[in-house]
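What follows is a single structure, written as C-alpha cells, with notes after it.
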Amino acid sequence: MSSEQTNLKPKLKLAVYWGSACGGCCVSVLDTHEKLLDIVAAADPVFWPIALDIKYKDVEAMPDQSIDLTLFNGAVRNSENQHIAQLLRKKTKILVAYGSCAYMGGIPGLANFSGKSEVFERAYVETESTKNPERIFPVTEYPVEEGTLKLPKFFNDVLPLNKVVDVDYYIPGCPPQSERLIEVFTAIVSGAQLPPKGSVVGANDKTNCDECKRTKSENKTIDRFYRPWEIQDDKETCFLEQGVICMGPATRGGCGVRCVEGNSPCRGCYGPPPGATDPGAKMMSAIGTMINADNPEEIDKIIESIVDPAGLFYRFSLPGSILGRKVQ
Amino acid sequence: MDFRPKIVAFLCNWCAYTGADLAGTSRIHYAPNIRIIRIMCSGRIEPTFILKAFQQGADGVLVCGCHPGDCHYQEGNYKCLRRFKLLQKFTRQMGIEKDRLRLEWISASEGKQFAELVNDMTKTLLSMGPSKVKSSLEVEHLNV
Amino acid sequence: MEEPRIGVYVCWCGTNISKMVDVEAVTNEVKALPNVTIAKNYKYMCSDPGQDLIIKDIKLHNLNRVVVAACSPRIHELTFRTACEKAGINPYLFEMANVREQDSWVHTDRTEATNKAIDLVVAAIRRVRYHEPLQKRFVNVNPATLIIGGGISGLTAALEIANAGKQVYLVEKSDQLGGQVKKFDLTFPHLSSAQQMIRPIVQRVDNHPNISVFLETEIREVTGYIGNFKTAISVNGGDPVELEFGNIIAAVGLKPFNPEVISEYNYKEFPDVITSFEFEEKLLAGRILTVYGKEPRNVAIIHCVGSRNKKYHEYCSRVCCMAALKYVHQVRAALPSANIFEIYADMRAYGKGHEEFYALTTHRQIMFLMYDQQKKLPVINQADRSDNCNMIIEMDELLSGQSIEVPVDMVILMVNMEAQENVKQVVRAIGVSLCGNQFFIEKHPKLDPVATTTGGVYIIGTCQGPKDIPDSVAQARAAAARILGAIAQGSVPIEVTTASVNELLCCGCQTCIGVCPYKAISYDENNKVSIVNEILCKGCGTCGSACPAGAIISKHFTDLQILSEIEGVMSMS
Amino acid sequence: MRSPSKTCIFFYNPQFSDFDPIDYAELIRYAMTFPNVSRIWKYHDFIWNEQNLTDKIEANGIDHLIVAGLLPGTVKTLFSKAMAIAGKDPANVILASFNDYYTGTTFDMDRLKSVLACLIAGLSYETVAIPDENPVNPATLVIGGGIAGIQASLEIAYSNNHVYLVEKTGTIGGKMATFDKTFPTLDCAACILTPKMVEVNQNPFINLMTYCEVQEVSGEAGNYSVRILMRARKVNVKTCIGCGTCTEKCPAQAPSEFDYGTSMRKAIYMPFPQAVPNKYMIDAESCIYLKTGKCRACVKVCPVPDCINLDEQDHEVTINVGNIIVATGFKPFDAKKMDQFGYGRLPNVLTSLEFERLLNASGPTGGNIHLRSQDKKGNWIFTEEAEKPEKVAIIHCVGSRDKNHNKYCSRVCCMYSLKFSHLILEKLPGAEIHEYFIDMRSFGKGYEEFYERILEEDVSIVRGKTAKVEERNGKLFLRGEDILKGEILENTVDMVILSIGLEAAEETRDLSRMLGIPRSEDGFFEEVHYNLDPTATSRGGIYLAGTCQGPKDIPDSVAQGSAAAARAIQSILKGKIYKDLISIPLETIEKRINKLTLVQLEEKHL
Amino acid sequence: MSVRVHPELRNQLMQFGIGDWNACYHCGTCTAMCPLSEEGFLFPRKKIRLMQMGLKNEIESSVEPWLCYYCGDCTSTCPRDANPGELMMSLRRYLTSIYDWTGLSKKFYTSEVWEIGSILLIAVLVVIAFLIGLPAMGYSFTTELTSQGGVKINSFAPIHIIEAFDWAMAIVVGGLLISNILRMYYKIIWKHGHTKVTFWVHVREFWRLVFNFSVQPKFGKCDDKRYWFSHWFLMSGYTIMFIVVVVFLPWFQTEKILPPWHLQRALGYYATFGLLFGLLVAITGRMRRKDVKFYFSHVSDWLFLVMLTLTVITGILIHIFRIYGMPYATYIFYIIHMAVLVPMILIEVPFSKWSHLAYRPFAVYFQHLKTHAVPRKTKINSIN
C-alpha cells in the first residue's frame, strides 16, 4: 500500500473485537485518552462491541476485505470467538492479535492447565457461591417450546488467535501500552513500510533488562529462590540476583518496565523476544543455569523453592507455548 | 499397527554420541526407536528442544552427556543437569510422565551401556503407551 | 538467503549400510522433499569417485546445500566438507546423517532401520536448509611449547623440540627430572642401565639453552587457545611467572598401584611382600634382603597385581610381565641358589626382543606358575615354623591343574600402573578428557594416538595408557613432529562453530558471562551487551542455552537448526 | 659426573670362544692405556661370585667398576651386591652394554672403544658421541606407502615441506587397506584409512610415486641421492578417468594380489576400488598382448586417447633428499612352512590375511563368510556361491613364538584373532567358534577390555595351541590339548584360520645394503637405540617407521610414523642434520673426552 | 589338598637326560602331536609340568612315561626346543631309579663311573670265573672236535654249571625286577589317591600285560610304523633268545650240529636277525642323529646298544666257530660273550634301560587298573 493511496483514501475502517478477554485491551484503546480522537479522525470504527451496537449479521454483510484494520483482543475460548475470528479474518485486510490473550493465550490461557470438564466442574459445581446438586451444565442447544436455544460451544482449550486464523501482526501486552498502539496505528495510517507479516509490533526487540534501571552483574548464581514477598527487595539490584524470578530477560521490552519500576518482578506479558519461540522454556533454561549446585539432591532442594514453575514461567503464554496445554 | 515408541535423543558430541557410535562400531544391537540428534555439549540442550520433541510426537526424550566431571567443556553437563531438573518439574506439572524424559550419563566408551539404556527406555515406553502431548494439541481433540 | 538447493547422497558403505538399510528406498523417499534438488546413492561415498560425484553434481545442478547419509560425522564430516569446499560451496553448508554407526550397525530389522534412516536424512535435509556459511580462521602459533611432566616422554619431546631451536618450558611436579625411569635399575630386554640412560638425558635437558625447567611446579590453569596459551606458574612459592606458549604436551605419566586393597596379598601386613617399585629401590641399593636382614631363599614374583581384574583395574599394564622377567635375571645374579617363582597369568612378551628375552629367562632356574588373575588370586599366608620359609603362597596352578603351595621369603608384586592423583587437575587445566580408566583420551585411538580433541594439546607416554620406554619415546617424538610442523607453518586453524552475540537482541542481563568455562564472554559497558571472544570460545553452546533473550547464536547449532532437525526426525511418524 | 680416579673393568664374556664377535683382547689392550684403569678381569679369570667379587673390590680398593660385554646387565646385580657388601656405592657399577651398539652382523671395534673410553672418563657415550652436522636438503623420501609411511608423509607435508612417497605396488594403503575392521574399537579400517590416502594424493607437498622402487642410495645425511625405478604402469595416471571399461573387456585373469590370491582380477586392473591413485594399471605377467603380441582389447575400448600405452617401458629417475624414512612394512609368514596345519593343501585352512579379505565388505564375497571353492578354471577362490562355515577354528601363534620359524611374538595376532571371533559371530550368528592360544597378549589400550568382552560372547577360547589339522570326511579335523582342562581336544570344523605372524618384508635385505642400516637377527631393521631411539638408525637422516622395525599394531605404527617425521622436520627447521653416528672417529671421541674432563677439572678448581 | 612345589627336584631330574624342559611354555603341541596321548593319560606336556614344578609324588605315580615310545614328533614340532620326547625318556630313567630300591639304578643313571665301572667289574669276574674258576673246579676243556667236526663247547662251559648260573642270574635279576615292579605298583596304584582297584579288575585286565608285552600295540600307534617293526623284531628276538638261553640252555647249547631248518637253529637265526636289524636301525639312527628319537643319547643308551651288539656278534661268532670246529676261537668268544652278556643282564635288566621290557607292559596294565579304579571309602564317608 503506497502512501499516495492512503492519503487519497479518506478514512480507514477499523474493527475492534474482544474474544475471551477481561476487557482491559478494549480499555487500553480508550486509554489513549485524547489520542483517541486522532484515531477516530483517521479511522472509522465499523465494529466494536464495547463501543458500537453493530450486530454480527451486519459484519457478515460487509464485503470481504472491506475492513482495513482489526484489533482482535482476547483468546479463542468458544465457538463464538472462533466464528467471529474467522469472520473478521475474511472481512479484514490487516488482522492484529491485540494483547497477550490474542497473542499467546494470556491469563485465560492458564485454563489450559485443566480442561473443559474441570472448568465446568469448578464454575458450575464447586464454586463456593454455587449450589448445583443436580449438576446442571450449560449445553449448546436446549429445546424449548419456542424452538431451540443455542449457546456457543465451550472449547476444551483456550487458543491464541493464530491457532484459529491467520494473523498479520501481534501487539503484545496485558494490556498493550496505549502509547504503543498509537505508534502502530500511526504507522499504519501514515502508510509507512510495514514490517513483514507475522511480526510483533508495538514492542522492542530487546528484552526488558535493556530498559531496566536496576543494577546487573554477571553474578547470577542462586542458592534459593524467593517469592517476592519473601525478601526485602533492595529496590536496586536485579531481581534475579536477589533470588526472585523475574521474566524480564526473556520478555520483550516495550512496556516501559512498569512492573519492575513498581518493584514487582516482570511476569512476561509482552511475550518472547524475536530470538526465542517459547519464553517459558528459555527462562527455565536461564534460571536452571543459575542454580548454584552440582549434585542432584542439592539441585532438587533449590528447585523446591520454585513453587509452581508452569504457572510462573507460562503465566501469559501457555496456549501459545510449545506444549500449549497440560497433557490430557 | 502396534505401538512403536519414538525416542528423540540429544547426545553430546564427545561422550554420548561417541558412545553411541561405539555401540555401532561394536555392533551392539538395540531397539530402533531412537532418533539421535547431535549437540556439541549437553550444556547446549535447551528445554525448548525437549518440549519441541514432545510436541512433535516423541514418546520419550533422552538427554545424554558426559559423566559428571568428564565434560569435554568442563562443566556443561552440570548445567544440563540443573536445567533438566527444573524442566522435569515443569513437565510433570504439565502431565508428562517422569519416565518419558530421562537424563543419563554415557561416556565415549559406554557403547554397551548406551544400547542397554535405549532398550530399557524403549521397554518402559512400550509399557506406558504413546505420549499424549501431540494428541492433546490436535485441534479436533481440543474442540470437543 | 538464496533458495536452498540440496543434494542428498546416501552411501552404501559396501554392505555396511546397504545390508540393513534400503538405500534405494531412502533415496526415493527424500527425492521429492522441498528443496531437494537431487538425491542419489553410491557404494562408497567417501572414496574418490564418491566425492567426485558430489563435486560434479554441485557444479552441474548448482547445488548450495549437501547432505550425505553415511557413517558417523566424526569420521567423514571433514572429508565431505572438503569436497564441498572444492566444489566451491562453503563447507558448513553440508550436513551428515549417521545411518551406519547409529543405524545399520545397531539394528536388525531392515524396515525399521530404513525408516530410521529416512527420518535421519529428512532431519538432515531440514537442518541443512538453515545452515549458514562459516569461514575458516587461523591463529598464529607461538613457537614455545609447554611440556607437563619430566619423565622419559617429556624429556624426549623437550629435547626433540629444543633441538630444532624452539623454546620449551618443562614443568615437573616432583623435585627432579627423570620420572619413573629414574627409579629403575635396569631396562628390559637388554638389561641396560636405566640410570646410565636417563642421567645424560636429564643433563642435556638441564643444560639446554632452549629448555626452561620448572621443578616442583604444577599447572593449575591454562588460559588461551591453540597457538597462544598462557599460564602463570609459581616456582618455590615465589612470584608467579607468566609463560606463553603455542602448544602443550601432557606427559604426566602414571603412578604405581597401591596393593593394600588386595586382601589376598597381605601387603603391609607382611613386610617382605613388596611392590616392584620397592624392589627396584633394593636393587639400586645393591642388596636384596628381607626385613630380617637375610637373603631370601625363595623369591616369588606375582604378575598382574591390580591389573586385568575387574575389581581393581580391568586393563593390562603392558610392562609388568617384562619387568618381572627382568627381575628373574637380577635375582638370579645376586642370589645364585635362590628359588625363583614367577606367578603369572599370561606372559605378555610382545615387543621387539621380548619373546626372546622370555625364552632366555627360562634358563635361569626359575619356576613359572600360572594363576587366574580374574577369578582366583594366590593367597600369601604366614608360614609355619616347619615350613622352613617365611611365607607360603597358596594358589591354584592352572597349567598343572594342581592346588599348590609355594614356599617364599620375599614376594614382589608387579603392581599395575594407574593414573596420577592430580590427573583431574591437569585434565581440567589443559582441557582434555579422561577415559574410564583415567587415561587421557587421544583424538583417535588408531590414527591419532598423540593428539587430543583440544587443539594444540598433545598427550604422550603412559598418561595415554601404560607403555614401555620405546613406545613412550616414539609417542614423544610423534607429538614433537606435530608441534614442529605447526611451528613451521606458523599458524593453525581454529574453531569455527563458536558462539556469537546478536547485539540487537542482547539485553545485557549478563547471565551468559558466568556460564562460559573458557571466560570467552565479557560485558561491553559502552554498548551494554555481552561479547564473545571467538578465539577463546570452544563452541560448547552452553551460553546459547543460558541466554534467556535468545541473543546468543551457537553457530552451526542454532535453535532454528536444531528445532528443524527435531521436526525432521519426527516428520515421518 | 666426575671422572673416577680409579676404575676396574670386568669383561663379561661367558660364551668366550673363537666365534665371539668381539675381540676382547684388543679392548683390554685399549683399556689398559688409560691411567685411571687399575685392573681388568675377564669372565674366565676367576669365578664371578659374591665372595670373590667382594674380595676383589676390597683388596683393590675399587670405587668404580665397569662391567663390559654383551648383556652385562645379566650380572649387574651381583656386582651391586658385592659393592654394597664391600661398603661401596652400588651406583658406581657402570655397564658397558655392547649389545646397545650392535651394528648389524659385526661390532665396530672403534665404537666399542669409544664407549669404553667415555665410560672410563665417567661420561656417557651418548653425550660425547654427537656427530657433526651437514646442511640439509628439505625434501624427504618416504619408502613405503602403508599407514606408517602415509602418516610420516602427511606429518612432513603439514610442515610445508616436500615429500617423495615411493610405493612398490600400484596403490598406497599397505596392509591396513586390506583389513576389514580394526581392533579393539572395531572401526572400519577403510573408513579411517581412505581419507588419509586421499589426503596424501591431494596434498601439494607430497609427490606420490606408486609402482616404483628404490634402486640405489648414495650420499650422506642431509643430501642423499636416490635412484628410483618407475615401473611401467602402462596406463597414464594423469589421464585415466578410472571408468573401468578396460577391465570389463580384458580377457586375461590373474589372482588378485590385494585379495591375497583369493579372487581373480583382470590383467588391467585397479588394486581395489578405493585405491589411491584411483587409476588402472597393467600387470605385464598376465597381459595377453605382452605375452603373445595380440589382443589390445583395453586400448580399443579406452575412451581416453593415448591413455593406455602397452609398450611403455620402465624407467628411472634420480631424486635428491635430505632425509629418508623407511616404512616398508612386513610380509606375512608363509603358512605353508608349517605343514602340520595343511595350509596350501587344505583349501579351507586360511591365513588371517585371507580371512580379512573374506570379512571385508569390499572383498571377494562382499564381506560374507563363505568357504573356499574352485572356479571353473580350477582356481581356489572365495565366492558367494559357496557354503558358509558353521564351525570355525582360529589358531594363534602360527609361525610366531616358534624356534622352528620365528622366535619373536608378532604382537598383533592375539588381538586380530579375537576380533575375528567377534566378527564371525556377527556375520554368522550361531556359528561355533574356537580360538586356540598360548598366552593372550591383549596388552594395549582397551585391548584387555576387548578380550573380556569376547570372553563373554559365545566363543570358546581355549588355552592350548592346536598341533595339527587334517582332512576327515571333507571336514577339517583338529587335535590339540586343552591345557587348563588337561584334556585332549579334538574338533571337526569347516574352516581353520591361521593367525600368521609378521616377517620382515622382502626388500629389507636390499634396502639394508643400499641404506647401510643393519638388520637384526630376525630380519627387521635395527634401530640405533632400543629404548631411546626406536625410530632412528645408525645412519644420519635415515629413520624407521612401522613394522619394518618389528611387528606392531596400527597405533604404534602411526606413532612411529610421526616420530620418524619429527626428526626430519627438526633437521629441516634447524637447517642442519647430524651425520652418521658410527662415523665419529675414535680420535674425535678421545679429544672430546679430554676437553670435557678438562672442563670438569677447571670447574672443580673453581 | 595342596601340594608343595620342589624346585630342587627339577635340578635332580636334569641329571637323567638332556633337555631345555623349563623352556616349555605350555602350548600343548606335543601332547596333541602324540598319537599315544589319550584321555586321562596325557603327555608329554603334563609331565613336563610336573617336572618343572618338582611334584615328586605326582611324577612317581605316573604311568605315562612308559606309554611313550619316543617317535620324536613332539620334539620336532616343539616351538621352544624344549625337547619333550627326551623328557619322557629321562623320566623313564628317573622312574627306573625310583622303582629300584637298591639305589643302584640312580647311581648307574647319574654316574658314568658307576655304570661303566660296575660293568667292567662284572666282566672281569666273568673272565676270572672262566679262566680261573672253572679250571679250579676241575673242569678242563678239550680242543677235540665232535664227529660232525664241531667244537665240544660243553667241555669248556659245562652245561649244568652254566645253566645253574643262568638260573641263579635269572632268579636274582627276576627277583630284583619283580620287587621293582611291585614298588612300581605301589607307587602307581596303591600309594596314591583315594581310589582302590578291585581284585576282579586285576584279573580281568591281566591280558593287557601279556598282549602289550608281546605285540607292543602302543608303539604301533606312532606315526612311523618302521620303528615299531624294528623294535618289535628286536624285542621278540631278544625275548626268544632270553627264554631259550635261560630255560632251554641244554637244548640250545648243544655240541650237535643240527640242520639249519631245525627249530633250535631257526629260532636262533630269527633272534639274531631280529636283534641285528633292530640294533642296526638304532645305532645308525643314533649316529646319524637325523630322527629326533635318536638325537639325544644318554650314556646308558649307547652302553646298552654297544653291549647288546657285542653280545649278538660274539654269539654269532661262537656259533660259526663252533660249527666250523675252531675250538680256541670259540672259547675265547664264549668268554667275551659272557663277559658282555652277564653285566648287561645284571645291570641293564633290573637297573637300567632294559628294564623297560618289563615296565612298559606293566605300565599299560596299571594304566587300565587306574582307569577302573573306584573311590576308596573313607571312614568319614561311612559315618556320613
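As written, the chains take the letters A, B, C, D and E, and residue 1 is the first residue of each chain.
Quick note on the criterion: a residue touches a chain if its C-beta (ideal position, glycine included) is under 8 Å from a C-beta of that chain, and two chains touch if they have at least 3 such contacts.
This is a predicted model, so every value here is computed, not measured.
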Chain E and chain B - chains in contact with each: C, D
Minimum number of chain-to-chain touching steps separating chain D from chain E: 1
Per-chain CA centroid nearest to the all-protein CA mean: C
Chain pair, most C-beta pairs within the contact cut-off: C-D
For chain A paired with chain D, centre-to-centre distance based on mean C-alpha positions, whole Å: 75
Where chain A and chain E are represented by their mean Cα positions, the distance between them in whole Å: 113
Between chain A and chain C, centroid-to-centroid distance (C-alpha), Å: 54
Computed distance of Cα centres, chain D from chain B, in Å: 47
For chain C, residues that touch 2 or more chains besides their own: 347, 359, 399, 515, 542, 545-546, 559, 563
Of all residues in chain E, the ones touching two or more other chains: 25-26, 46, 80
Contacts with two or more other chains, residues of chain A listed in rising order: 276-277, 282, 285, 289
Touching pairs among all chains present in the structure: A-B, A-C, B-C, B-D, C-D, C-E, D-E
Of chain C, residues touching chain B in the complex: 72-74, 98, 100-103, 105-109, 112-113, 115-116, 119-120, 123, 424, 428, 431, 433-436, 441, 453, 497, 515, 517-518, 538-542, 544-546, 554, 557, 559, 562-563, 565-567, 569-570, 573
Contact set on chain B toward chain D in their complex: 22, 25-27, 109
Chain C residues within the chain A interface of the complex: 502, 504-511, 513-515, 523, 528, 542, 545-551, 559, 563
In the complex, chain C residues that touch chain D: 13-16, 43-44, 46-49, 51, 71, 75-76, 78-79, 156, 160-161, 163-166, 185-187, 189-193, 195-197, 199-201, 203-204, 283-288, 307-308, 310, 314-316, 318, 329-331, 333-334, 336, 346-356, 359, 398-399, 401, 439, 444-450, 464-465, 469-471, 473-482, 484-489
Residues of chain E defined as touching chain C within the complex: 1-5, 7-8, 10-11, 20, 22-26, 46, 49-50, 52-55, 58, 80
